[in-house]
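Note that the chains take the letters A, B, C, D and E in the order they are written out, and that residue 1 is the start of every chain.
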Amino acid sequence: MKLRSLYIFHLDTGACNGCEIELFDVLTPYYDAERLGVRLAASPRHAHAMAVTGPLTRQTYYAAKEAIKAMPPKPRIIVAIGTCACSGGIFYNGYPIYRRPESPREGQEYPRRGGIFELVQDLRDEGEYVGPVVYIPGCPPRPEEILYGVALALGLVEKRAKGEHYTEEAGFELPEYPIEERIRLSLRERLKYVVGYFDREGILRDFMELAGKAESVEELHRLIEDYCLRNPDSRISLAMRVLEREFLRLKEKYGWEVGMNAKAPQGEVRGVQVAVKRDAGSR
Amino acid sequence: MMEELFTLTVILYLLSILVVLPLRKNYRASITVGHVLTGLASISLLAFTVGSLPDVLKGKAIEFTYNLGVAEIPFHVDGLSLILCLVLGSLGLATSIYSPRYMEFYERFGRSWLYVVLYSAFVLSMILIVTTSNFLWFVFFWEVMTFTSYLLMIWENDEEYVRKAGWKYFVTMHVASTLPLIISLAMLYAKTGSVNGLDFDNLATLHLGPIYYVLFLIGFGSKAGVVPLHFWLPDAHPAAPSNVSALLSGAMIKVAVYGLIRTTCFILRPTEALGYTVAILGTVTLTVGTLYALKQTDAKRLLAYHSVGQMGYIWLGVGAGITLIAKGYPAFGAIAMAAGLYHLVNHAIFKGLLFLSAGSVLYRTHTRDLNVLGGLAKLMPFTALFTFIAAMSIAGEPPFNGFMSKWMIYQGTFLSGDGLLVFCGIMALFISAATLASFVKFYTTAFGGTPTTTTEKAEEVPSSMLIGKGFLAFLCLLFGLVPSSIIPLLLTPGKALTGVDLSGWISTKYWLVTIRAPRMPAGGETYFNPWLFVGVLGVLVVAMLISYPNRPKRIVKVWTTGEPVKAEHYKLRAMHYYGPFEEYIHGLYHGGDALSGWGTYVCSSLAGGYLSLGRTLLRWAEKVGKDVLSTGRWYEKNGKEIYLDEAVASPFVQLMKGLGIAIEEVSLSYDLLLMLAAATLGVMMLILLGW
Amino acid sequence: MEAERIAFSFISLCLILFLPPLLDGIGRKVKARIQLRQGPSILQTYYDLTTFLSVEPVYPTERLAFRLAPYIAFASAVSAALVLPYGRVIPVSFTGDIFVFLYVLAMVSIAYMVGGFSLNNTYTNTGANREMMMILSIEPILGVAIGTFALNAHTLRIGAIPFALTFTVSVLLAYGLLAYSVYVEGGFIPFDVAEAEQEILEGTFSEYSGYLLGIFKWALMIKRFALLWLLSSFISIPFVRNVANGALILITQLIVLLLLYAGIAVIESMNARLRIDHVIRRNTGVFLCSLAVLLLAALGW
Amino acid sequence: MKEWARRIMDEKVREKYVNEVVEKFGDRIISVERNADNQWIIEINREDLPEVVGYIVNHPEWKETQLSTMAGADERPLRGKFSLIYWISINGASGDVFLGIKTYIPEDDPRFPAVTPVHPGAHWYEREVKDLLGLIPEGHPDPRRLVLPDDWPEGVYPLRKDFHYTDSPKREFTDETKYPYREPPKGTAVFPLGPYHVALDEPGHFRLFVKGEEIVDVDYRLFYQHRGIEKIGENRLTYDQVNFIAERICGICGTAHALAYAQAVEAAGKIEVPERAEYIRTVMAEIERLHSHMLNLGLACHDIGFDKGFMDAFRIREHVMWLAERLTGNRKTYGMVIIGGVRRDFLEYRRTMIEETLRKLREEFQKWVDQTLSTRTFIKRCEGVGVLSYRDAKRWSSVGPWARGSGRNFDARRDHPFAAYKYLDFKVPVHKEGDVLARCLVRAEEIMESIWIIEQALDEMPGGDILAEWKEIPPYREAVGFTEAPRGEDVHYVMTGEGNRLYRWRIRASTYNNFPSLPDAMRGNTVADAVLIIASLDPCYSCTERVQVVDLEEKRARVLTEKELIELSRKVSRRV
Amino acid sequence: MAVTLKYPFVKLEAPPEYRGIPHIEPRLCIGCGACVNACPADALLKIDDHSTGTRKIVLDVGRCIRCARCDEACPTGAIRMTRNFEVATLDRSDHVEVVELRLHRCPNCGNYTDYTERALEKAFQILPEGLFDKEELRKKAILCRNCRRKLTVDDTIEASREVVG
């Protein structure tokens, strides 16, 4: 199927507005879906496609059914925008969400049921023609993603997504890090409170690199000071120093002997001094 | 030969009066028989019209005289008369076919014989008005016409509003129409001194003063419903049974135009001042009438206001014609006058048809309130079709007849090279859109959409009613597509007035018309061919229909944006149409509030005597009884929004309040009223014959 | 001569039928560029149209008026466009054809209205209602413009007026009135109240679908084309009326037409849609002012 | 802390309010408990509800007092009773107090006297409680269904604890079970607007009763988007997960909801949030306001066919979206706020990015305002349209720019300083005209203020952690969390529960308080303005309507010349 | 001039911070189910089949709300948010990613336990050398829950018997 003009009617079946606004965004200068021939239709009578957002609540079900029935008999493409329309999303088993009687409200089936598919299936059971359904997941999908989905419906791009089924044959790796695994995990957890989950991987990687290189606590401290000098971002510096203190604390706790790269200090007070220094440095 | 045909017409009408008297016990039979005879009479009148055409086109009038023993009635049938004969014949035929079934609707009133008597007398009087050539007889028949039409109008006399409209009509006609005519008659009689001296030929030789222009303008203007003397019309026409409304609107007010042209142009001289007056009155009339019509939601009242508006077009055309003739553009003036007369014929046909259609709707649904009608196109397909043709005609859409006459009026005004007339033409063009708006409303509210609770049980009207309407619809198409079938006839009055040869100015070949303006650059005039238009349009429509066949396989629900809405609520009602526009011209509608006080004051000081008559009558009425007085108060109380037209007419209203109460009392008893009317008629006749 | 006439008539028919979508596409492109976006392809309107024309419609009513309205609109729009001058040739020409032009063009609106009123739907009804009010309010202005031309040129033939005009103050003002009324009648923003998409779901069109909608939209495009072609002829012909070559005149007309479309696109994108009462008020004001133009014309200025 | 914030959060001022209420009602008050810094819960008998609530809400001196939220809860497992709590906020730059008026309702007699006759703003709350918990408000003017779908059976109350959250009982869907719309007034036609109308981005059904084009009255049915979020939050999700569904209550102002929820739980669990996290929350909330207001201004242009304004507003807004994407990983539903802090930090380069974007934004938005306000047709469409009087705004407890456009002078950021607002300086723009234009101007000015707030916050942002560690939240504690979302105050009420789950969660989106005043603003306008007025409300959450008496006399048209407007817009921009 | 991006006709990278669709790296996944517990939308499923001894970790991108809670919770970094966003498709099964892992089998009773072999290995990696009696731990840890309880009870009885005895 190759359409050069696509009038889309927008059907909100209980969405949170995120997808709607992104759908609007697709029409605006940066994305400009009109260059693909896409326009928002004022009435389902004009529409070749129905852009559906939302998990299909029971109150919208009847109206949405009317809307799809009001479309011309063909092509009736359905563009399910957003995770909710694809499968019910986070709301999938709420009490006002529509599910066909045979669709489980809790279940282990996959792909997960829910969303607009329930309505499409009902309509097909009634003998109404409903065209293909393009699923565009995302919460909300980026405008690019919607464009991609629409382009897919128009036959302008190739499908890229592919289901995967891995088994044990894929192989198993237990990656080894320069520092002990349980300390790494503790540090990783601590870092979440300092810089958040997203930036922690990179910082931890850098830290482990330094920790692997360092032969002693002093060297580690020097390396970290170096690193902070090279990297002017105060937040990363702070994180590194927190890591250093935490690392030393954990080493202290678990005993220095086991799986150690950085050598234990000679004096007992060493670790404390580092900590004091860090406090001064972060100001 | 032609004379005998005319006599046959008269005899058939008289016969119908006689025949029904023995049949009066049987309501249906008497009306059917009566209308068969009137139908035959109409056919014979049409035959007379067609037969006389060759002579009349050559400029020869048909003249004959009926000698009644006590008096002689001279007849003079020229082009102008023949145009009216055509109108009366075709409308008479249509109503005769239509009425027998339609009058079943009024069976509860009984008195079938009286109806037929009045109907025949009414039509016959109009025929005699337009053919007689003696001013006395003219006035006499005029009065007969007024009386009969009044009695027909209040046929439904158990309705309050009918009686009210009736006395409004009766009083206005006598004060503003008959009175000026009788005054002029008296003055002329005084001048000539004999009944024979009142022959039109004779009168034309007199040099009459400007007072006659005024008297005739008032006399015929009020009958024709020209602003500001139109206020009776929108009440009167809807009050009558629809077939009578068709005659009132289609024929009676046209007779006034005939009277105007006959008197002012043929007896008096066409002058520039007269022409401008008529044209401006016409413009004001068409503007006011149509803009009021835009607001109406009562089917027949809407049509009645349009009668006012369309009369404005006729007056504009005639006025432009008179002006141009007087200014020395005889040929072009004749064309403009022909345009006005063309619209006269057309208006008679499509307005007759529209009233008959409104009657059909009334017949089946028992309502004329457009707010509650709907969906009739599905139930009454032929009525819908005929109404559509009539609506498109009156809105002036090609290729229907209304377009042709309006087109000629525009040409006559726009090309006159006279700023004032051009302005009149612009207003006509604008009002044409308003007419369209009004009829879009009329057609779509009654016939569009899905049937409502009021209309869902309606069905198509009986075939005889359809035939009557179909005949008129056919004429709409005929005069639209083949204008040359009638234009030569329409040009004869102009020719007779100016005596010039019009070849080269307007030419008619088969169905083609071309017009030349006085100062138009020479050469390059080509014909307007309605058939070419129909052909192009038809070919395109058919071609598209073949490429994109249009066959619904199944019907889906109307899109209500997802949430169901009841069909009866999901529709704009007639009163909602054009709201913002009406709101904007609100000032025009309700300027009356401010004007009424002022108008009353001025008029009361100007016409003290006039009012003292009313006061005397009021005093008399008080004696009749206090409960009767309440009617007058009712009128005051219920006229919450005083329209501009009524404000202008406030002296009349004052007068009518008094007169009306008297007549109100009388009209409560129909027999009494009838007796009174007959007595008045008899007295007048005696007076006239005695002179 | 006859050969030229036939050739030009054929060209004009092709222009009437197939040029409007292109012009619409150009307008869309210009608008897009003003909004700093790439915009659709210039041919996009053709794609839209062909897609609509290939889609089977759904019928909310079996009423004949509803089903025939698009065809009537289309045929009327094409017929109206045929009385306009193309080069030195007018496919169909006669005296007073300007009124025929107006009335036949009004039939497009009538089809729109009858279609809109033929079913119970307040959206279509309101669209039709507004369309009628637009016509009501713009007709007198158009009338004054025509009246001024008629007073000046003493002819009512579209083909003859631009050739016979002498330029006076009133004629220049009448040009302004004509342009204004063409703009309003064409339903361009801010005057697109009858087909307002966000308010009343494109009015009557909200119930049309598939090829019925396609034909209707095509008809409206042809109507706009006819109106603007009238304006472009009135503008261009007085400048080139002494040129004998019909093709050259035609090209001039086309260029002016393109400029008009581009200019309209600019105005459209710089304005919000007015309300119907604003439109009526504005039009009535213009009409009252335009009476001065008529007065000037009557005085011969 | 800034001087103004210290004044508002003054302990003495706060106690003055509470004491006045306690003194006024004396014996009738069963208990007074301070459950959080600025929140008191006053327990009374159910018979006294209208009087007490009415007294506080309609207090002549506490001008901007309003009903913030009302929650019913099924406390039968705990106490064998239902509970009702009306939360009233005292606003207007005078003090920072939330009063919860609580009452218990026995299981066998689930009725209470309605507050709606005293204060119409309680209309939906009481209808909703009737729908979801089966508590019947006596004397309520509109007994129709509000929240539940039309095909929901009678007598099943989803928020009761004996209702399992995955159940979805149904009844036959027929014409009789359809929502009972009012019959149109005589001589009017129905103009159904929605649920699927092109200018409404969300399903909501407005039934305009029109005379021609003029709107005579409005009836409507909302809650098409009712997704049972509260039930899911109370049953399926843990404290942390609820944040993500809270964010999806509304795709536009998700952060405000997530923040309100997090603040409520933090207040209930007495969790201290690191200062840096508060600043980051503030910046995110303001970024959200930027995009939301630009969106709304753009859509207002779109609804009146002014495509240039629409496209430009969205083009400018895209900078904000991109910024959000770089900062949080997504253009919307940022996923930033979590109980105890935030999830991503502002590294240096992100800070720079924000500053650059703001610079660009201010310049381009200024241009947009100048251009739009000099479009005469735009002004013509917005001026004097959809006028909401101050009285109506107050009567319906309206919030946000919708209320500030009508002269209500309050803003949760200023009157109940949360997050980092107490450390910042800003103005609250208020316009008195109450028409669409006033609301547009309020939004435009707020955009400029937001830019200024973000700049301050970036400058003053302290170091330290971004997330606090918390172990356990004590069960059965109540608190409200509140934020100023772009559309107005969002209030979340939580009652903590056991097993890492909430016991009761009540969401009150800003639009919930604004919607019922919509008919007042719409009456007397034309159909053409309807979508514009709805857009100027900036609806984001589906709510419902009510019936009330038409009061058109209040409406005042305003005439503002174009010059003044341009001046005004200049003034707005010059200030920042 | 026009600011329109050329996408989808040219390739467009999402910014590095973007939370795209999640992806499970099968070589790292130990099937612990932490992500399943963290997921608010139930996009991740843990399906155990004790008869065949397999555990499926199912990721349905079409249900995923991209909150990155799984990313945050995963101990091995197997499930990560990618920057990919082009996952529109006509077939919902394209959205499903399944990792099928073997469950650990209790050497004592022969039943399948409710953790995978990989999880066990990971647990041993985390446990520090020499901190506990590793051999002892290994002996107990590899047992299923029932067997372990039995073993513990047995041990206790034995110990008490020793004390008493």
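We take it that a contact is a pair of C-beta atoms (placed from the backbone, for glycine too) under 8 Å apart; a residue touches a chain by one contact, two chains touch by 3 or more.
Please read these numbers as outputs of a predicted model, since none were measured by experiment.
Trainee: Which chains make contact with chain B and with chain D at once?
Mentor: Under the touch definition, chain B and chain D have A, C as mutual neighbours.
Trainee: Any chains in contact with both chain C and chain D?
Mentor: A, B, E
Trainee: Centre of all protein Cα atoms: which chain's centre is nearest to it?
Mentor: C
Trainee: Quick check: more C-beta contact pairs at A-C or at A-B?
Mentor: A-C is joined by more C-beta pairs in contact.
Trainee: Most remote chain relative to chain B, going by C-alpha centroids?
Mentor: Max centre-to-centre separation from chain B belongs to E.
Trainee: Starting from the mean Cα coordinates of chain C and chain E, work out the distance between those two points in Å.
Mentor: That pair's centroid distance is 68 Å.
Trainee: When the centre of a chain is set as the mean of its C-alpha atoms, what distance in Å lies between chain B and chain E?
Mentor: Each chain reduced to its C-alpha mean, chain B and chain E end up 93 Å apart.
Trainee: What is the distance in Å between the mean C-alpha positions of chain A and chain E?
Mentor: Once rounded, the distance between the two centres reads 18 Å.
Trainee: Chain D to chain E: how many Å between their CA centres?
Mentor: Computed from C-alpha means, the inter-chain centre distance equals 40 Å.
Trainee: Give me the residue numbers in chain C that touch at least two other chains, ranges are fine.
Mentor: 32, 35-39, 58, 60, 122-123, 125-126, 129, 197-198, 201, 206-207, 276-277, in rising order.
Trainee: For chain D, jot down the residues that touch at least 2 other chains.
Mentor: Answer for chain D, listing residues that touch two or more other chains: 189-190, 192, 195-198, 203, 210, 212-213, 244-245, 248, 311, 315, 325, 329-330, 333, 343, 526.
Trainee: If you look at chain A, which of its residues touch at least two other chains?
Mentor: 28-30, 32, 35, 42-45, 63-64, 67, 70, 89-90, 139, 142, 192, 197-198
Trainee: Which chains touch which?
Mentor: Every touching chain pair, ordered by label, is A-B, A-C, A-D, A-E, B-C, B-D, C-D, C-E, D-E.
Trainee: Can you check the complex and tell me which residues of chain A touch chain B?
Mentor: 43-45, 63-64, 66-67, 69-70
Trainee: Quick check: in the complex, which residue numbers of chain C touch chain A?
Mentor: Where chain C meets chain A, its residues are 28, 32, 35-41, 44, 47-48, 50-52, 55-58, 60, 197-198, 201-202, 205-210, 213.
Trainee: Residues of chain A touching chain C in their complex?
Mentor: 3-7, 28-30, 32, 34-35, 37, 39, 42-43, 45-46, 48, 70-75
Trainee: Looking at the complex, which residues from chain A come into contact with chain D?
Mentor: 9-22, 24-25, 28-30, 40-44, 54-55, 57-60, 62-64, 67, 89-91, 93-97, 99, 105-106, 139-140, 142, 192-199, 232-236, 238, 282
Trainee: Okay, in this complex, where on chain D does chain C touch?
Mentor: Where chain D meets chain C, its residues are 189-192, 197-199, 210, 212-213, 301-309, 311-312, 315, 375, 377-378, 380-381, 526-531.
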